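Next come two complexes, and both contain chain A; in the first it sits with chain B, in the second with chain C.
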Partner chain A sequence: MSELTTILICMISAGTPIIYALTGDLIGQRAGIISLSVEGSMLCGACVGFMLASSTGSLLLAVLGAAAAGGAIGSMQAFLSISRKSNMMTTGFILIFFAQGLTTFFGRGQLGTSLGKSFSLAIPGLSKLPILGPVLFSQDILTYFSYLLPVAAWWALTRTRLGLLICSVGERPEVTEAYGYHPKRLQYGAVILAGVLAGIGGAHMSVIYAMSWANNMINGRGIIASSLVILCSWKPQRAYMAAYLFGLAQALQIFFQIHEVPVSMYVTLMMPYLFTLIALAVISTSKKPSMPEKLKIVT
Partner chain B sequence: MKKRLLSLFLAAVLLLALAACNGDTNKTPDNSSDQPGNSGSQDTQGSAKPGAGAKKMGIILGGTKDDYGFNLNFVQLAEQAEAELGIEVVLKENVPMTSDCEGVMEELIAQGCTILFPSQFGYMEYSKNVADRHPEVAFFSFPITDYVGDNFSVIHGEVQDVWYLNGVLAAECSTTDKIGFIGSLPIPDVIVAIDAFALGAQSVKPDIKVTAVFTGSWSDVGLQTTSVNQLIDSGCDIIAPFQDSIKTIMEICRSRGVRCFGCNADAYELAPDTWLSACITDWSGYLPYLKQTIDGNYETVNISGGMELNLITQATYGDSVPTETIKKLDAVREQLINKEIAVFEGPIYAQDGSVMFEEGYRPTIEEINVIDSLVQGVDGSLN
Partner chain C sequence: MNKERSAYQDFLLRALICCCAPLLLFAVLLLSQGKSPIAAYRTILTAIFGSAYGFGEVVVRATYLILTGLAASVPARVGLANAGGEGQMAMAALGTAVAGSTILASLPGWIGIPLMLLCGMLCGAAYAGVGVFCKLKLGMNEILTTILMNYIATYLISSLLFGILRDPKGWNYPQTVEVAPQLRLKSFFGTRMNAGIFIAVGASLLIWLFINRTRIGFTIRTIGGNQTAAVYAGIPVKRYQTGMFLLAGALAGLAGAIMVIGVEGRMRIGAGETMGFMGFLAAGMVGSHPLLLILSAFLIGGLTVAGNGMEINTGLPAATMQILIMLVLLTIMAVGGGKKK
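Up next is the complex of A and B:
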């Protein structure tokens, strides 16, 4: 297998959980709520997803369970930051620690469990294409969905009534209300959806990518996803670029070491964060034209 | 009103969840009340040695026992001590390496533990404080430290011999002559393990390549997965991890059809076909010291040794290891124990070709513990 293919496969696999969490949180942020708790949703999704996948052997059940677990954390974030008007950042962090505690406790039995099978699913024909075949089409069903997810989110947010309403809540909720809609209900929906999608991303991480459950296995990827929303300028179609940039940086961490590229190991290990920081610094100079109005009050 | 009810309900749910998390992580219930005079009493001082007549031993762990690595190792110590010495063992998991661990040790002593076993280097400073306050409690440190004295002993297993054997095994099993090593951080223990492993492999096949990568952490599952996949894609057919938790690495290796070593614990049962072996602690070398302590003859010891003292050993061989290879490994083991050969016997060259140890020279353990470069034939960088 060529080195380029290896790098790209790792980039896609490491980027997929990020795409889910990123797209979810992006929709939430368009409705005016930042959910740092997507990290917690990913953890719960990873834990519950692995539990169901190893006990039932069904990927569908695992994804549904993960979505429900992620959504549960999302609904707590929604209740606290929409109905109780608590600070959304602090709430997010508290929920991350809450999820860490919960999953460490309930995931104990899963630490030694084996999945017993692989859920990868190569698309016949397409996966035989040179370079791009193994990279894009020898993956798994959740990755194939992730290719469509940002486009679907873009279409929903810009071309459907519901999507436009969600965006309007993030800009001028009083106007939405004057038109006879319920801003809070829309926000609830968006934030819970963020949790649901992050939960599915977590399930990808545990069931498909690492094929095992480990305590605190998300390790900050949810928080990164949440900050990458800014890098996307709140435009879902840019999620590919942001998530795969992070995935590429992660793949390069090890690639540079294997191929003895003369860069210090400590620099390669910080690359994903360095990439994100630089990208944020570059984007932030463009006066944030697309930032939802409601977030401007918070940040 | 509805909102208030809802928030009360949510608070109740959170409380219940917390209560559910308050499971008993101790291996045994607290029945210290049955044993007055055992907990922190000063009257034993002077008359009896530390840990004399101990009924309970405490082991302080940095992680959980289900990691199939470092911490599971200590659970196996607990099982052996309970079976062979008839002592009750209390395991404390996830104890932070901060001053909080002093409180945990005090609690163990209050429960009646008169032998304590701090497992991590991060506990040493605090263990010494507690040891000074409780001269009646015997401490056995696993990592090497300068704090030895009075009731504080060190028994340390040296890893290089067994990692050398692992290297021999890897070279025997590899068909591509490329082996991947997934290190955590470039600290002395890990560097010595990589070097010993590479030298062992080179003793069978002089041109074999060992590629070492570092993940910068002890259990980042994402990076472990990326590392294994990329190493396999670059041609490695054997993976050797030096990580706290090896479960993920084992699973990925199994799904990709390559074989893999463990680290610090015998996790053969995880995947008998994928598993090769591992460098693990041999508790049979430790139990005599514990027995001596219970019998009231505690002596302060500062021991560092390998297979010759039964402090360290190789784990169960995987199902795929042929009998001839096992015979060959047994022969090499005999030679190492009899000192016919030594892992770091010169000439040893560093990656850049400079001489690490002169021809015929056998470095002392102090010199081995400060090795700070990788040997020739290893691809990878410590910087």
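Up next is the complex of A and C:
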């Protein structure tokens, strides 16, 4: 396998959990609620997903469990920031630590165990293509779904009534209400969906990418996903670019290793965060007409 | 809710829920794992009040939490949020430790200690400066920026401690050279408690006086109350915001400096971890009130110390206590905390 292929494979698999969390939070932000708690959802998804995958051996159960766990954190965020009108950022922050505590507590039996089973599933035919085959089509079922997710979100947000309603809540909830819909219900749905998707992304992280559980293994990826929504200018079709940019920053590690570049391991670990920060700084210089109106008040 | 009930009774009810609900939920959680909640709560109490050393640890943690909590409260007064206390504290600790073992090492204590504290404050303010620059010049969300900068600080410090700043005589342990002994604060009563707590409490008193009793403080409260009105009143809002954010960084930096000269004596990997985040939450718990912050800092400090006791006595991870702390905070948010704006 060539070096380029290895780096690209790593880029795709590091970017996949981000795509899930990013798309989820993007939908939530279009409805006017920023869920920093996607980080917590990812953690819970990773922990529950790994537990179920290692005890039942079923990927489907793992994903369902992870989605439920992520959704549970999402619904707490929804309740506190929609019904109780608490500061959404602080709420998200608290939920991250809550999820950290819970997963450390319940995941303590899973530490150090390895899954011993790979869920990768090459698509016959397509996986034989040069470069693209191993990079895109020799992954796993969750990654294949992630290819479709941003497009699906784009279609849903711009071409369906429900999606347009969700976007309208993020812009003018009074208008949505005047048309006889329930802004709060739509927000609840969007924020819980964000949690569910982030939970699935977390399951990808533990069950497929790392194949093990470690305390706090998400380590800021949810926060990065939440920040990358800005980089996408709240447009789901740009999620690929943002998530794989993160993936590439992560894959640099491999590049450094192959070429024996004398940089500290910690500097390479820092790269994804630095990349995100710099990317946000670059995008910030352009105007943000696409930012949902409701978010302009809080940020 | 019954509208006839007085506000006072309403407050008491909310306070009661905030005290009891987290303890009950936590007990259920422990029971589900076959652990006795009574033993756990006894462990918490003995870890905090059982020994002078334990209580000293609480005071030490409270010192950091008051300062990092102030670092979150001060910008909140001008409509900004600083979630970067963690990174600011860590960078300041590193800066102080390096200064204390190199350029400041030969100074006598009476001038050296204040300079060390100043050094920490400058480092913290400088790191916060990046965050406020991103906010005011580039329009980036300061919460996201400062959180990302926390991660960057952690990895930067790790790479330095494993690299050029590693103490050559430190048995290969990732830590800096120890600071000169005359630059250290004295510990009291055989614990790790030190004069830092007086600095922290003094800082929160000063901040309270500054915000509530001075002319500048009045301007600050105006900005916090209604930013648009403040702009129309001709107040240079951005300048005040910059100043307050740098002050916040300096306060978090003070926590880092006190950690180095009071407790650790050097910067080592993982020192002061999560204290910045917890400080942010301690501030959130009391609505950024500088004096009430002292109480919430002691509460959260006590619970984190108890977490270590839990790990030793019941075999549960120390992070278990994080669940209890967060349950308290979530309950406060859910019932409105008795704090009415």
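The rule we apply is simple: the second predicted complex is superposed on the first by the 285 of 299 C-alpha atoms of A that agree within 3 Å, B and C clash if a C-alpha of one lies under 4 Å from a C-alpha of the other, contacts with A are read in each partner's own complex, and residues count from 1 in each chain.
Operating definition for what follows: contacts are C-beta pairs under 8 Å (C-beta built on N, C-alpha and C of every residue); 3 or more make two chains touch, one makes a residue touch a chain.
The model shown is predicted, which means the values in this text are computed figures rather than measured ones.
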Check whether A:F105 is in contact with chain B, with chain C, with both or with neither, and answer first, second, both or neither. both
Name the contact category of A:A249: first (chain B only), second (chain C only), both, or neither. neither
Pick one for A:R84: touches chain B only (first), chain C only (second), both, or neither. both
On the A-aligned overlay, A:V196 touches which partner chain: chain B = first, chain C = second, or both, or neither? neither
Touching A:I94, do we find chain B (first), chain C (second), both, or neither? second
Using the touch definition from the top, say if A:L52 reaches chain B (first), chain C (second), both or neither. neither
Quick check for you: in the superposed arrangement, does A:S264 touch first (chain B), second (chain C), both or neither? both
Classify the contacts of A:M76 with the two partner chains as first (chain B alone), second (chain C alone), both, or neither. both
Contacts for A:N215 in the overlay, against chain B (first) and chain C (second): which applies, first, second, both or neither? both
Residues on chain A lying within both footprints (that of chain B and that of chain C): 76, 79, 84, 98, 101-102, 104-105, 108, 215, 219, 264-266, 269
State the interface residues of chain A toward chain B in the complex, per the touch definition above. 1, 3, 5-6, 9-10, 13-14, 76, 79, 83-84, 98, 101-102, 104-105, 108, 111-112, 114-115, 118, 205, 209-212, 214-215, 217, 219, 221, 250-251, 253-255, 257-260, 262, 264-266, 269
In the complex, chain C residues that touch chain A: 29, 33, 81, 83, 134, 138-141, 143-145, 147-149, 151-152, 155-156, 158-159, 162-163, 277, 280-281, 284, 316-317, 319-327, 329-330, 333-334, 336
Which of the residues in chain B come into contact with chain A in the complex? 3, 6-7, 10, 14, 17-18, 20-21, 23, 64, 66-68, 186, 211-216, 219-227, 229-231, 233-234, 245, 247-248, 251-252, 255, 270-271, 379-383
Parts of chain A lying in touch with chain C, wherever the complex brings them together: 36, 76, 79-80, 84, 86-87, 89-91, 93-95, 97-98, 100-102, 104-105, 108, 215, 219-220, 223-224, 226-227, 230, 264-267, 269-270, 273-274, 276-277, 280-281, 284-285, 288, 299
